[in-house]
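Order of writing sets the chain letters: A, B, C, D and E. Residues in each chain are counted from 1.
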């Protein structure tokens, strides 16, 4: 559960706006990519440095992507260049943000979670992505290097519709990619749940209940990471800022519908998981009943007849029938009748179903 | 659970508005019907082609119905002809939409789920239906060929009241038919639940709890498919578009009342199913108690007297009473008294109820 | 559960406003009563016919009550005479309506459920009652003949305050009578629950859990039938129609307070029933524990000593102590000590509480 | 549960505004006190009669308190004198009102519940108190004689701040006293719960679960009685009537904060009680496990070795080793080894923890 | 649970605004610190007296901190000096306040809870802190001496940005410190929960369920103490008082986001704890099943064969096969076959998994 917080405690006592990275991988490489495009031209720089930013053309949309926000210096200098408020810079570096949208005079800040489901250990991997858009630029900050946005890059290189629109449409395209990945993750989780359900019905042991519990926990974390994004997108649709054009709002509305569907599915999954817990409990109770039935049948059949043999195992000098030549067989007959009538009784009670 | 998504993942990375079919039956025939009517005339074309559309009279209501949306080309050309936004065309082809209503300047888009309950395997079959209405046309898109709308067709052929009203009244009649089918499905589910409840009381085994769980899952899916339609109809009632006349709104209000009742019933069914889980758990606990009672009574009666016989089965040279001629009968008497008093004790404890 | 729907499916495919009766008792007599009153005069006709309606005085309040809505013709002709919208006529005949209020230009339509609790089989009987009020008339439609409204008739005959007020006050008086009957039904249900609670504590068997479950189901149906009436009354209080005077609104506010109390009680009852399920489960668990304790005490006491006797029941030629004259008594002593120490141990563990 | 209603059924069929007492103690004395005060003078009459009211000075605040609302005549004549609406008089006499506030032109009506917790039988005693305030008078109606308001009387006699303020401040002081008593009751309930929790952990028997269930029921009733008062006080704070001055509103706001705290505590108590049910269930399950462990250990240790002795208790003519002089001791050795290894196995399984 | 109230009952019957301390540590030292600062100068007085307040410069921000509110006289004289309303003075002394914000004409009153988690006994320690801010002063009241605000003091001494801003920014900095401490406490609780979860899986005994229950209770108290603070901060952000500048509102918005995250985490923790209860119950059920399996296997294997030996332990004169030389071995063979087939049966039933 420690995952719910990163190293947040190291910030206690510092003034607001202190630029401190709180994520996990404090080490590792960090890089910057620049993609500058207009309907006429597309220019890409894979490993850019800060100086490249100063030379960016103003009549194009400039998309600057940073992989690895643990490089605090790089993030800070970039944000300062684009006159981003220090509180936002702090938020970018603090990798346990809740998805949210902040509208400032000259830029809009969006933070959300990218999600990947690893079926091997039923783990949901999350990564924080921050976006800042201004009139003609989009900054994106990823925690680690990833290829999620490649499809957008391809569409730009292919001079798609995307090239003729503003920064806020690029932002839409990027968020849309993230949301599409939610669907992929949920599809995988759905498959996992189907396997789990079968497993639970066939073999309800401690292992499977633990897996179930783990998945419930993961869904809790997923819900927490995704749910607020709906409101973020709704805000973008309502936004009256000059940064968001009316034509693009239609796309945000479509995206909003997708989010509703994502959330709907998460809620349904949670309900299904609760139902699976009930199913598990019922199956266990049923098993217990079967086990007890076996024990009771065996005990009820054999304990009385064992008593009978005990009677004739006693060493009294005078015992009725011991000298009878058929004594043994008579007793054996009594035993047999008693067994059969017991079994008949249990059958009538429906214990063999 | 895979049902919650169709092949959505194949759309990841594509630009918005890409016309790709995501449903299940990718193959099979697709057809188009046209029904063109006014109070004066009704004309029907069962297997229409795209060219027929160009010849449609403007002074009639033209209802074009497509069976099988997997024919992407057909859907796309039709939508383009009626100047439908590409995002909507995409939604029509994407068969896991949530019910919703989109109002555009010249047309209204409604998508909803048609529902059928198959009692044989307690399965709920769902099909997506999309509607687009404009000033004098209604487009309807069904996933598969079906006869649900035949009653509406009959009313048109019979020159019913429906012929003298606009496209939005035809839309109302179509949705009304869908909602009526919800009642039919819920009636069947109610019957199924009644059977299940009896089964659960008489024979609470693993099979019945699994059926119960499956039905709960189905109800979850049903609720998810139907619930949002209420809001869709409420929006139609509130809609200030010139496409919806005041007279028709009265009918939408009536439809809204029906939807409330459908949703009410779904919620009640869910509560009843939860109650049935409780009932099942209680019945199982009771059964366990009965089983344990049998075991305990048998053990408690026979174990002590078996011990007694064991005492006199020992081989000590000097044992009190073994040479007594009535020894055996005295011990048998002790045993009998002990059995009777045990049973009396259990009776007093109420264990035989 | 089939009760949740009447024969609704027979309406599938029909146009809206089709007058078809969907209730249960399709047969039986139907009658019409007319009560025409002003402060000056009261005139009653117990078995009126349609022609009597044409002669009704316009300067009085005319209350026309129909017993038995399965007489479709009668209902239809009456509604047509008073120019009631066909959708409302349909609703009157459809006896599984949710309580609701529809305001039209010249009349107000109210539908609600009358409730009676039959303690013998813990069943809640419901009957649909519809009202239509206009400027000087009130139509009331009951499913079956009943004496619920007799108290109102008596007050009219006694020339009570009610005679000097309008149709909307008569409507209030009628609804008030229905709501008063809710209190009576709830009082009876409360008594039933008290009996059930005692039963559950003393004798928690399958029978009582089934009764509990049945009552929960009944409460679910009751809640569904009553809850929406609150909103109906609130709407009457807010209504700006010229049909509702300000003086009467005060009475509707009072009625609203009563409804809140009814709903409050229903919710409390539901909570109490849930609590009783918990109590039942706990009692069952406790019983199981007691049963297991008995079994364990008996087994733990006797199994080891039975083993001891088994040791000396063996047939080895050389056994230590068998020839000792006090051998039997020594062993018996060991057994006694062992029993006493076992019981002492269980006492210390608190197993006898 | 009959407590949820008093003798309400006796009112069925009567016209609204009928003055009928529905409480429990239909007998007993009823009295009236008058306290008439201004900053200059305080005058008290302990056993006033109706005629005293006619002589009350108009330039003072007159507080008339009635103990025992079953004296219908007294209540009615008082209400008529102060021109109280008959529906309110009816409410005062009906002692199962929900807390509410009614604003009329010349007076405000407030009804609420006074609460007392009797720890001896863990019962919550409730009494209905009604207030009517006008420009210079406050009427208060208590079900039974009580000393709750003595502290307010003392403050008036002491010529406290209260004397210089209006009727609505006196009302505030009286409600404040009632709310303070809620805190006292909740404190006692909290103590009771602490005792119950300990009891549940040490000795989880049927008795304690029944107490727990009873307290849950009482909390349900308490919540029902107190919750609506929050809204009543909020309405007083918002009230724009000339009867409530702005200075007093500050006090109502403070009172509102107290109410929030009371409700908060009730909700927390309810959560705690639910948690205690869980705790109880877990403890019971654990006990069951311990009991079963004892049984299983004893059975598993002794049943196999008893079988062994049974083998050598058989009467075959030729048995291996019976004539061996150490036969008995060898078998005893085998038994010992078997016991030790069993215990070792259980220890390894952690069954002795 | 007594913790939910302090000695509140001692205030019953007193007029509003009575300055009475209701906290726990009625004894102990109380002190006052003054920190007076502007961008130009910082002046601190560690142990100030009331007279020092009279000399405070008006052109600086004066922060007066009181440690130990049980010194009623000191609190009262300070509040009177700054013209604080008596109801607020009462609230400061009453240490079981719910977090809230009161805006008065010349000052704003904020009360909240400081939280510390002590992992040793899994206890959450809470302390009430009250703030009053005016145009150029901040009063802070702590229940006990603490070092929480030292980081703010350090920032002031270091002439940080904080010195150039108003009293409402200092308030923000102080609340921010408190909220940061929430994160620290939640991080510790998260660690505790992780330990508990492991413990629950490995060793689900009564001890661990009690710890779980205690933590649930603590989380309940924590939630109750923190939740309302969200609304307090939202009110500060919306506040139109001249006491809160627009620039500072941005910081309150940031703080609001932090609060959302804190609350989100608390809710997630509560869900996780509920999940842990389920997990515990399932683990216990599984254990029970294992125990019962052992018992049933042992009983089912040995009881029938013990009966067999009993048969041949009987003392009939004529018994079949007793004189057979291999009789013993034949019976032993039968026993062996019976054991092996039993075990085989259980293996097939999957009882050994």
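Just so we're on the same page, contacts are C-beta pairs under 8 Å (C-beta built on N, C-alpha and C of every residue); 3 or more make two chains touch, one makes a residue touch a chain.
Note that the structure is a prediction, hence the values are computed from the model and not measured.
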| item | value |
| --- | --- |
| Euclidean distance of C-alpha centroids - chain B vs chain D, Å | 42 |
| Centre distance in Å when chain B and chain C are each reduced to the mean of their C-alpha atoms | 26 |
| Overlap residues in chain E, where contacts from two or more other chains coincide | 281, 285, 288, 292, 295, 299, 303, 306, 310, 313-315, 319 |
| Arrangement of touching chains [line / ring / star / complete / other] | ring |
| Chain order around the ring, beginning at chain C and proceeding next to chain D | C, D, E, A, B |
| Residue numbers on chain A that touch chain B, as the complex places them | 150-151, 154-155, 160-162, 173, 176-177, 180-181, 183-184, 186-187, 190-191, 193-194, 197, 201, 250-251, 253-254, 257, 260-261, 264-265, 268-269, 271-272, 275, 278-279, 281-283, 285-286, 288-289, 292-293, 295-296, 299-300, 303-304, 306-307, 310-311, 313-320, 350-351, 353 |
| Contact footprint of chain A on chain B as seen in their complex | 1-2, 4-5, 8-9, 11-16, 85, 87, 96-98, 100, 102, 203, 205-206, 209-210, 213, 216-217, 220-221, 224, 277, 280-281, 284-285, 287-288, 291-292, 294-295, 298-299, 302-303, 305-306, 309-310, 312-315, 319, 321-329, 331-332 |
